[in-house]
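Notes to accompany the following structure.
Chain naming follows the written order as A, B, C and D, and within any one chain the residues start at number 1.
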Amino acid sequence: MKHNFYMEPLTIRKEALGDIIKDLSNRGYRVIGPTVRGGTIGLDNITAIEDLPVGYGDRQVTGGYSLFKHERPYFFGFSNGPDSLKRFLNPPYQRLFAIKKRAKGFETMIYEYEGSPFAFIGIRACDLRALHILDMVFEKDPFYQAERKEIFIIAVNCIFPSNTCFCPSMNSGPEVKYGFDLLLTEFDEDFLMEVGSKKGLNAIEGVHHKEAAGADIEKKRGLIDSSSKSIKKTLDTEGLPTLLYREFENPWWADIANRDLSCGNCTMVCPTCFCNTSNDTSSLDGKTATRIRCWDSCFSVNFALVHGGNFRPSRRARYRQWMTHKLAYWINQFGVSGCVGCGRCITWCPAGIDITEELMAIRISGKRR
Amino acid sequence: MDKPRLAVFKFTSCDGCQLSIPDMERGLVDIANTFDIAYFLGLKSRKSTGYYGISLVEGSISTPDEIKRIRAIRENTHYLVTIGACATAGGLQALRNLKDLGAFKKAVYPKPEHIDALKDSLPISHYVHVDFELWGCPISREGLLEVLASFLRERRPNIQAYSVCFECKRKGTPCVLVAQGIPCLGPITRTGCGAICPSYGRDCYGCFGPSEDPNIKSLSLRFETLGLSKDEIKLRLAGINSYAFGKYHGKE
Amino acid sequence: MNIAAPFEAVIKRIKKETRDTFTLTLRVKDRAIRKEYGFTPGQFNMLYVPGIGEAAISICSATWREDIRHTIRVAGDVTTAISNLKGGDVIGVRGPFGRGWPMEMLKGNDLMIMAGGLGIAPFRSLLRQILREKEEGARYFLLYGAKTPKDIIYRNEFPRYGEVFEVLLTVDKADPEEYWKGDMGVVTNLLKKINIIPEKTIAFICGPEIMMQSSIKELINMGLSEDSIYISMERHMNCGMGVCGHCMFGPKFICKDGPVFSYTDIIEFLGEREI
Amino acid sequence: MGKNKTIKVDVLTRVEGEGGLYVKVVDREIKELRLNIFEPPRFFEAFLKGRLYHEVPDMVARICGICPVAYQMSAVHAIEKIFGLKVEGQLRELRRLIYCAEWIASHCLHIYFLSAPDFLGFESAVAMGKKYPETLQQALRLKKVGNELFSLLGGRPVHPISVRVGGFYKTPLKKGLKAFLSELENAFEDAIESIRWAINLDFPDISWDIEFVSLWNPEE
């Protein structure tokens, strides 16, 4: 994808972000941004700059997460929490339609989009890639498309990546290159701001800004480079998807199954995992029914159940399905990997299973055999 | 068309599950309009015997008399549903299965010889065929309504058996295990409660029983890294659904 | 039209096919949708019963007919609910979905159709089509296996198909009380009874996965090339449009990339354990 | 009523718990009266031994699905006493509030669903509601308020999960409580109305030779 910078970079004071948030609210956007919630940084409705987790940082390890305070009041001094855009564009519970029985037949009431568009603050490169992927997955889905159409995105360049991040391996970060309306790079004193769309340009009309100096551009480069260098985790994509197709019967899958909790956390926090199930609920009198689509996961035992059998009864096969889908099938399906290297599945796995290490183990044990 | 006959029975239990019916507020009226509530000692004085379309059974089997009663109920029931942890997994009182009943009797009653109790408190399914098991201590009202609605529409209840984590993550509740190191049973516990406990910043204690494919061994290892002793981990599993978790525990 | 929501169709006729299978004839209520609706043989619809749910069922009517037909086996909740409906009742429909049989391949080729059990249903519209527009000089084979003679679906239609196709039927087991002059045994056995020109034969197969696999093996032994074989697959389809993930088979979404696949497209994944 | 009579009730209905009743009247005098409680034993006192202190409130709740908070409160108070801990101020008020929620729900159950049908001669509250729809509506409204307040504080209306030794796992947000205030105010009307309605019920004329004692806590 191409860089889509709209004009020369600017610098703004940090407080000016508050003006932008207010302005977006005034224009009718539902502004969503990072905010502290239960010892984590989640994405939630925000109305003012004070709602942002100013000064917070996060420590993420395999199966562990904690917050700490920076010495400086950074606005984006942390990396991704468990939430991603999918929570808003493909909500966990999506009502599809309601049915009212009539004497002959039934009346269908489709839940049309009626909200105001979302404006997302602080979205990172990995999640923008995930958004791009969801756009492909839900290309024909009317509910997703309705939510997606008018969104506004203020992205940030990720300069505090976590220990579980590996976006450089997936070529999806830490630098934001596309898919934003506004892009921030956080300096100690101010933000470097780049504009990616006409919408973005309109949003900063009343905001005090000045043209960025050449040194600022260099500073941004430097921050991104050191951020990139600080990311130690890697995922070796060499030979994918063929490698995994060759390894369906690798005994290592059974080893993972011993540790795998089948709890579904990895798929729920994954910004691209889209699997869902639609079900009917009906009133006792049978006169009304509602069809609801909710997040599901290939880790649920009945996910591949058909009449007469289950295609994936074992944990071994379910983990294999997840990893193979993410890293291999996805490439056949959509032309890109389903993994954006955000590391959420590693942080939020209660059993501490690390997709990068498991792939490595499959690779090595495959070679040995 | 005749309304299907509904019966509610209580065995060894706390009444909490059957009382989710009056707790349904308007739902109670809906149930009374759709079903002929033929037998429900807790709410209704007239006892109508005969064949029941659907029987909701609360409580575990813990006395010799209860074995006789449940067999008779099964004979007279088309679709038998257990409601709650007692009926589905023996309940909290199944903790006695792990100990000596004689000592338990002595510890509690001044005249233990008067106490007529079976050695084990066991789920209904141990004695008779059960058509559907609704887990939970207590069951959720939504779950019970779904069971009743699905019975009326002749379809399988849309009730899932995967982990509490599914629900927790959908609700956007921060994970107490990963973010706070609290030994939460969510990853191996069946969904259905609405993932309430983690949303209160505390651990799931497994009141909906084991999930469909619980990896107890793996979660136990994680608990060990949090500093729990082997005995403490055993206690975690020996709670409301001790009998059900114990079945898996033996295997792993 | 929102493809996630069903449109209404009235049940015009219900025909019992076998002890557990029946055929519905549906008339779409809305005139505009009825006119607009079109499909290729091998595609499927999601049939919906409010308060119960949806099931993916292949379309088996002739493509030029305005009414839509489905042959359904009673299996899960939805098909059971459908079996309890009467003429005049209304059902929900979404569709058509997926990719059907590659009709362009029929040109200049002989066609071998192999079906097992309910696997004959996705062929019915194709059979109708060929009866109407057969290629000059092309040969057509229809090999069909059922459990017992009583399980043969569309039984009284085979004489008509026999005018164009070489029809061979087989059953696993013949009921003692019924006179059965056809073959006994698996459908692949029938291949031994015919002569084909492998270079100009394409094969369309639908049936249980194990039957399709053995058929493919046999056809390749007979000299058919891998890329002349097509099969129709089945998995749990929940959304019909590739957004739910349930029907994934290897990298393929059965609902949108299939249900009909070229054998070469799925060769890597067919027969893998728990795929 | 005849001079001699035997009343035998195999199972008492619309009561909390299980029991049977046998009354033998000879010459207008009760000669034999047996109340048989056949609630099976569950051995809470025994299996609680050896448990961790923080498990106890969750476990004892299961003694009764109608009044779990009563057991939870007794347990936390006992354990806090062992630790020499005193929970006071807002936390104590909140404890009282969740107790009140349970009372609203359980008293409503008792009055309208268990007892009232006996006074008015119906087999159930629902049957009663056919003749007195407004009374049933009032009962459902009150029950709902009790349940909702209970859920707000305890997570769910049966076996709440928020009570712990030392306080609460999570205290409700001011916002949530405030939003609930108007519902409580409406419920207050219903509660007053309930009393008016109850005192007009036809109580049997019985007197006992027993002194009833009521305890009160001057701090609450």
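Basically, a contact is a pair of C-beta atoms (placed from the backbone, for glycine too) under 8 Å apart; a residue touches a chain by one contact, two chains touch by 3 or more.
All figures in this text were calculated on a predicted structure; none of them were measured in a lab.
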Set of chains whose contacts include both chain D and chain A: B
Could you pull out the chain whose C-alpha mean position is farthest off from that of chain B? C
Central chain (by mean CA position): B
Separation of the C-alpha centres, chain B versus chain D, in whole Å, is 22
From the C-alpha centre of chain A to that of chain B, how far is it in Å? 37
Geometric centre distance via CA averages, chain D-chain C, whole Å: 61
Separation of chain A from chain C, taking each centre as the mean of its C-alpha atoms, in whole Å: 40
If I count partner chains per residue in chain D, which residues reach a count of at least 2? none
Mind pulling the residue numbers of chain A that touch at least two other chains? 279-280, 282, 286, 296
For chain B, give me the residues that contact two or more of the other chains. 149, 153, 201
Got a list of which chains touch which? A-B, A-C, B-C, B-D
Residues of chain B defined as touching chain D within the complex: 10-20, 22-23, 25-26, 28-29, 32, 37, 40-47, 62-63, 65-66, 91-93, 95-96, 99, 103-105, 107-109, 115, 117, 121, 137-138, 140, 193-194, 196-197, 199-202, 205, 207, 232, 235, 239-240
Contacting residues of chain D [partner chain B, same complex]: 11-14, 16-18, 38, 40-47, 49, 51-52, 55, 58-59, 62-66, 68, 105, 109, 113-114, 117-118, 123-127, 129, 136, 140, 143-144, 147, 155-159, 161-162, 164, 169-170
State the interface residues of chain A toward chain C in the complex, per the touch definition above. 96-97, 99, 101, 104-106, 108, 110, 137-138, 140-144, 241, 245, 248-249, 274-280, 282, 286, 289, 293, 296, 298, 303-308, 311-314, 316-317, 320-321, 325, 328-333
What residues on chain C touch chain B, complex-wise? 51-53, 77-78, 80-81, 84
Enumerate the contact residues on chain B facing chain A in the complex. 27, 30-31, 33-34, 145-146, 148-149, 152-153, 158, 160-163, 165-166, 169-181, 184, 186-188, 201, 211-215, 217-219, 221-222
